[in-house]
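As C-alpha cells, here come the structures.
Heads up, the next two complexes both have subunit A, just with different partners, subunit B and then subunit C.
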Partner chain A sequence: MVLLLVALVSFIIFRYVGNPVDNILGQEATMAQRAALEDALGLNQPIYLQYFDFLVSAVQFEFGNSYRGALPVAELILSRLPATLELAVTSAVFGVFFGITLGIYTAINRGSFISNFILSSSLIGVSLPTFLIGVLLIWIFSVELNWLPSFGRGEVIDLGWWTTGFLTMSGLKSLILPSITLGLYQMTLVMRLTRAEMLEVLKQDYIRLAYSLGLTNKQIYFFHALPNILIPVITIAGLQLGSVIAFAIITETVFQWPGVGLLFINAVYYVDIPVMSAYLLLVGFAFVIINLIVDLTYILIDPRLRDNQLKSER
Partner chain B sequence: MFKKLVIPAVMISFTVASASAETVRWARAGDAITMDPHAQNEGPTHALNHQIYDSLLQRDMSGAIIPSLATDWSALPDNPKIWRFNLRKGVKFHNGASFDSEDVVFSLNRARADGSEMKELLSSIKEVRAVDSHVIDIETNGANPLLINNLTNMFMMDKDWSEDNDVTTPHDVAKGETNFATMNTNGTGAFMLVSRSVDEKTVLKANPNYWGKDNYPNQVTEIIYTPIQSSATRVAALLSGEVDIIQDVPVQDLGRVSSTDGLQLATAAQNRVIFLGLNTVEGPTSELKVRQAMNIAINRDSIKKVVMRGQSDPTGVIMPPFVNGWTKELNKYPAYDLDKAKALMAEAGYSSGFDIVLNCPNDRYINDEAICQAAVGMMAQIGINVTLDAKPKAQHFPIAKGGDADFYMLGWGVPTFDSHYIFNYLVHTQTEDRGSWNPTGYSNADVDAMIVSLESETDLSARNDTIAKIWANVQDAQMYLPIHNQVLNWGMKSNIDFDVQPEDQPHFQFLKFN
Partner chain C sequence: MLEIYNLDVNLSYRGSQIKALDNLSFNVYPGEILGLVGESGAGKSMTGLAIIGLIEAPLSISRGKIIFNKQRIEQNANAFRGSKISMIFQDPLVSLNPLRTIGEQLVETIRTHIKFGRKEAIEYAKSLLEEVGIEQERFDAYPHTFSGGMRQRVVIALALAPKPSLVIADEPTTALDVSVQAQILELLKKLCRERETSIILITHDMGVIAETTDRVAVLYSGTLAEIGKTFEVLNYPQHPYTKGLIEATPRIDANSLNSKLYQIPGVMPDLKEIPVGCPFHKRCPRYIKKCVEIKPPLLNERAACWLLDNEKGLL
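On to the complex of A and B.
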C-alpha cells in the first residue's frame, strides 16, 4: 500500500520536473522530431495510463532503460547500491555508537565541563545544513591539512556482485569525511535522546533499589539502566537509517560519492523518469523494510513483548 | 642470478615514476553521458570522446580547423555539390584494424541514422561514397559551402568492430535500447579507454600506435577523468592537489585559484552568448519602442562588474566573436541611457510601465539567475515591474521555447562557427523543421528566404553580404536583448602549458609540461 502511494506521488511530481525530450534530442532537434519522441516514450498518454504501465513493469522488476546513457535502470541502481549502503551503514554505526556513548557519558557526568562542551558543540550537528558541514570538513581535512581525500570512493575492490571500499586504505580514508557528514545529525539526535532517557531512568525506584543493594555503578548503568532506554533509541535510530539513505543524496553530491543518491540527482537534472521512479520506489521499500526490522527488534529486546507472544500462542 | 633479478625491478620502478609524472588528473562538473560517439550532441560527451575517437578534421586549441583523419579536402571544381576528402594513410584503430574509406562511409551513415543526435548537422548530405581505399566523396543536396564546419565532432568508428559488436546504429532512447558502444570504444585517437565507471572515474592511457605522434606534443601518458559536480569540492580538489586541471571554475573562486602557489588560471572567451528574448506578437513588448527602451535600460557593464566579477564580454549582438558574420560594429553595445529609455517608453504609451514575468534557468549558464535578478532591478528603473520565475533547465527550456514566455533568458553556442546556425534556430519563423528556438513570434518572409538561401550559396562574398543583411534585420527588430558572451576559466597546476579551447574541449595531445 505504502509503495503504491509512493509510486503514485512520485508520478504526479514528475509532471512538474520538466520534459526529457529536449535533453534526449539535443538543441538541434526539430518540432516534428520532438513530437515523435514524446509519442514513442508514451509521454502524451494520460497520467493514470503511464502509472499503470509503470506498476505492471515494476512488479516484474522491469524498470526500463535510463534516458541518460541508455543502460538498464535495475542494473544501474544495483551497481550504485553498494556505495550508498556502505556509506549509510558506516555513518549509522558511527552515529549510533558515538551517540549512545556520549549520551551516557553526558548523563552520568551531568554539569561537568566536558559534558557541557559536548552538548553545546553537538548543536552544530543539528543546526548546520549537511552540505555546509561537508564543505567545511573538506576545507579543513583536505585543503588545509591534506589528510583525507575530498571526493570519490578511492580504490574499490570488485567482488563481482558488490564493490567495496572497506578493503583498501584509500577506500577507508575516503569513507571518513562523508560518513561524519552524513552521521552527524543522527549522532546528535541519538545522543540527546539517550541522555534524556538515561536521566529519566536513573530517577526510577528500581535504580535506587539497585544502589541500596550495593551494586557497582557500572552494573547499574549498563545492565539495569541501558536496556530500558534502548527501545526509544532503537526506534529513532532505525527510522533515521531510512532518512540516512534518503539524505545521502546531499552528501553524495558534495563528495562526488558514486551512489544511488548521486544517480538520482543526475536523473532529476536530466528528467530521467525511469531512474527517478525506480529510486523513489527503492527508498520507499527501504523505509518499509526498516520499520519491519525495528518492530522485530523490539521483541528481541523487550522480554514483555516476547512473553505476550508466548501467551497468545498457548 | 642476483643481477638478473635486480635490473627488472629497477626498470619497473623507473617506468612507474615517469608514467605517474605524465598522468593528468582532470575534473569537470559533468560526466560524458555515453561513449557512443553519435548518440549525444553534448559538450562533456564530445570532450571525452575526442580523446579516444578522431574526426576527419577537428578544431585545435585556438578553435581553428586542422586536418585530422582527412589530410586535405575541397569541393570539386566542376561540381560544388561534391566534397572530396583525402584520408590519412597508415592509421590504425586501437584494436589494430586499419582505417580506410569504408570506415568513413560507415561512420557518416551511422551518424545520419535514426537515434543519432548528430544527424541534424548532416541533414544536407545526400550520399557518402568511397572513391578508393583512401578517398571519399560527400554529395550534398544543394551546394553546401560550410559542410566541413559540421564535421568537427563527427567521429570515425571501425566498421568491422561495429558489426561484430552489433552497434551499427547509435542507441535509440525511444526504443529503450542499450548497446555495447555505450561503455566500450575502438577509436583512432591519442588515448585508449582503460576503465570507465559513470559519474566516478574514467581512465585513459596513451595510444602507442597513435598516428599523430609527430604532429602534437603527446606528453600525457595517462588521463584520469573524474567528474565532480559540486563546484566547492571541485575547487577544493584542485587546491589540495588531488587533481591537476579543472574546467568550470566558479567565478567566486577565481581569485583563490590564481593566488595559490603552484596553480594558475587560464581564461578565454567562450563560444556562447547569453541574451533575453521578448514576445513580439502580444503584450507591451510587441511595441518596438518598448523593446528598444529595454535594450538601453540594461546596464551591461555593471552586470559584468557586479554579477560576473569581470568574467564576461558584454555584447550588442547575439553572436559570439568566433562566428562568421561577426563584426566589431555589431558587437558594440548601446550606451546605458535611462532618460532615453524612459522617453521611448512614454512614446510607446507606457510611461507608467507594465507588469511582466521573466523566465530564467537557474542551473544552466554561469550565474544565470543572478543576471536575471539584476535585469529585474534595471527594468524597474523604467517602470517595468518584472516578476522573476527561475527554474531548473529541464523546466525552463520547455517554457522558454514553447511560446509561453513573454520574457525569457537563453544562451546559444554556435558549433558550426557560422551565423546560419543562429538564424536557423533563433531567427527563422517557427515551423516544423526550422526556428525551433524562436518563440518570439518574429516572422519575416524575406528574412526566412535569405536564411534558406545561405544553405546553398557557394559564392562566399555574396553569402556574407546576405548574412550582414539578415543581421541588420535582427538588430532592427530587437526581439533579443543581448547581454554578454561567457568567459571560460580552467584552473591547473603551474607546470602545465595548455590553452583554453573556445568550445571548452581540452585535447590532451596538445598539452605540454613546463
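On to the complex of A and C.
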C-alpha cells in the first residue's frame, strides 16, 4: 500500500514535471519525431495504463534511461547503492551501539557528573545541523590534524555485484567521518530513549523481585532490564535506519560520498526525472522493508506477541 | 534470629527530614511466622524493604540496628539478599520478567546462590515447581501463560530456591481471589515450616493474621503499637488501636447480618503531621492528658499505651 502510494508520487513526478519529450529531444524536434517518441514512450495511452506500465516496469527494476548519461537508471543506482548502504549501515550500527551503551550508562549512574556531561553534550548532537557537524569534523580531523580523509570512499574492492570499502585501510578510514556525521543524531535519539525506558523498567516489580532474590546488578541490567526496553528502542532504530538512508543525501554531499544520495542531488541539478523517481521509490521500498523486519523482531523478542500470532493463525 | 533495634527511616522532603519509621524494635525467632499489620501507610512494607536493604532515596535508614544471626546487616544487606533473606511482593502479575521462561528465571536465581551445574540446577528447579504445585512440563512456559495464583506460586518457588532462613511476604495474597488466597497462604506456611524458614507476613487483613501467624506486630504511623502472641493480641488487645482494628474486621455469622461495621474514627495522620504524644490519641476513644503530651514507650513488652501504666494490663 505504502509502496503503491510512493510509486504514484514518483510516477506523477516522472510524468508531469517538465515534458519528457522536450527533455529528450530538445526544442528543435519536428512534430513527427515528437509523435513517434510519444508513441514509443506510451504517452498517448490513458493515464491509468501508463501508471500500470510504470508499476510493472518498476517491479522489474526497469526505470528507463537517465536523461543525462543515457545509461539505464537501474544500472546507475545499483552501482551507487553499495556506497550508500555501507555508509547507512555503519552509521546506524555506530548510533545504535553507542546509543544503547550510553543510554544504559546514564540511566544506571543517574545524576553523576559523567552522565550529566554526556546528556548535556548530546544536546549538541541534536541541535547542530548535519552539514555543520560534517564540516566541523572535516575541519578538525582532516584539515587541522590531517588524520582522516575528507572526501570520497578511498580504495574500494570490486566483488562483481558489490563494491566494498570495508576491506581496505583507506576505505575504512574514509568511512569514519561520514558515519559519525550521519549517526550522531541517531545515537543521541537512541541514547535518550534507552535512558528513559531503562529508568521506567528499573521501577518495575520484577526488577525489585530480582534485587530481593539477590541477583547481581549485571544480571539485572542485562538479562532483566535490557530485553524489556528493546521493543521501543528497535522501533525507533528501525525508523531511523530508514531516515539514515534518506538523509544520507546531506552527508554524501558534504563528503562527496559516491552514493545514491549524491546521485539524487546531481539528478535534481540536471532535472534528471527518471533518476529522481527511481530514487524516491527506492527509499520508500527501504522504509517498508525495514519496518517489516522490525515487526518480525517484535515477535522474536516478546513471547506474548508470539502467542497472539499463533492464536490468530489458528 | 532477626533483631531490630530502634530503627528510624527518614524521608527527606524539600530539605527537611520526616520520620517514616520511628524507633521500631522487634525480633523474629527461627521458624516462626510474624504478622505485621496496620493501615495503608503505617510503614509495613517499608519495614520489609528496610530489612532486605532495598530502601531507596528519598528514604534512608537514619538510626538503629538490624541484626541477622549476630551480624549487622543494615548497611550491607546485599550479601544476605536472596541467600538468607528474600521477599515476595504483592502483585504476582508484574513480579516476573515477561520475556523469560519461568525455568530460566528459576535456574538463574539458583545458580546465583548455589554452586550447581546447569543440569543440577534444572533438576532442582523442577522439583521446586513440583513442590509449589506446578507441573514440571511448564518449566519452559512464559509467565503470561499462568494465572495470578500460579504466578505467585512461581514467585514462592523463586524466593525459596536459595534456601533463605527468612522470607518477607508483602501482602502476597492481596491481589488474588479469595479462594486462591487460602491456598497460597497454606502453601507458603507449609513450605516454610518444612524448611524451618521464618516468615514476616505483611498484611492489613486481620483474618489472615488470625489463621496464619504465631505472633503479630501492629504498626501505627511508623511506630509499634502492640506486639505479642497472635492468640493473646487478638483475644486480649492491649492497645485501643488494635482493639479498633479487630472490631473493624468484617465477620460472617448470624449475629452480624445487617449490623453496622465498626469504624475507627478519623484517618491515620499524614507523615508530616504526626501529633506530639501518642500518634493515635486524636482517634483514641480513651485518651488521657498524658497521651497528648508524651509519646508512650512499649510497656509490659506488649503495647505502647499509657493506659497500661496505671494498673497491670487494661482493656
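Some points to look at:
Definition applied: the second predicted complex is superposed on the first by the 262 of 314 C-alpha atoms of A that agree within 3 Å, B and C clash if a C-alpha of one lies under 4 Å from a C-alpha of the other, contacts with A are read in each partner's own complex, and residues count from 1 in each chain.
Heads up, the rule we're going with is that contacts are C-beta pairs under 8 Å (C-beta built on N, C-alpha and C of every residue); 3 or more make two chains touch, one makes a residue touch a chain.
All values reported here derive from a predicted model rather than from experimental measurement.
Of the two partner chains, subunit C is the only one touched by A:Y206; subunit B is not. In the superposed model, A:P227 lies in contact with subunit C only, and not with subunit B.
Once the two complexes are overlaid on the shared chain, A:V89 sits clear of subunit B and of subunit C alike. By the touch criterion stated above, A:G152 is placed in contact with subunit B alone, subunit C being left untouched. Legend: residue contacts after superposition of the two complexes on their common chain; A:Y270 is shown touching subunit B, with no touch to subunit C.
Within the superposed three-chain model, A:I108 lies out of touch with both subunit B and subunit C [touch as defined at top]. Shared-chain residue A:T253: touches subunit B; no touch with subunit C.
Of all the residues in subunit C, the ones that touch subunit A in their complex are 52, 54, 78, 80-83, 86-89, 91, 94-101, 108-109, 112-113, 142, 144-145, 155, 158-159, 161-162, 168.
Subunit B contributes residues 33-34, 39-42, 117, 120-121, 171, 173-179, 182-183, 197-201, 226-230, 232-233, 236-237, 239-242, 363, 392-398, 425, 430-434, 436-437 to its touches with subunit A in the complex. Across the complex, subunit A meets subunit B through its residues 16-20, 22-32, 34, 36-37, 40-41, 64-65, 67-72, 131, 134-135, 138-139, 142-143, 146, 149-153, 253-256, 258, 262-263, 265-266, 268-271. Subunit A contributes residues 204-206, 208-216, 219, 223-224, 227-228, 301-304, 307 to its touches with subunit C in the complex.
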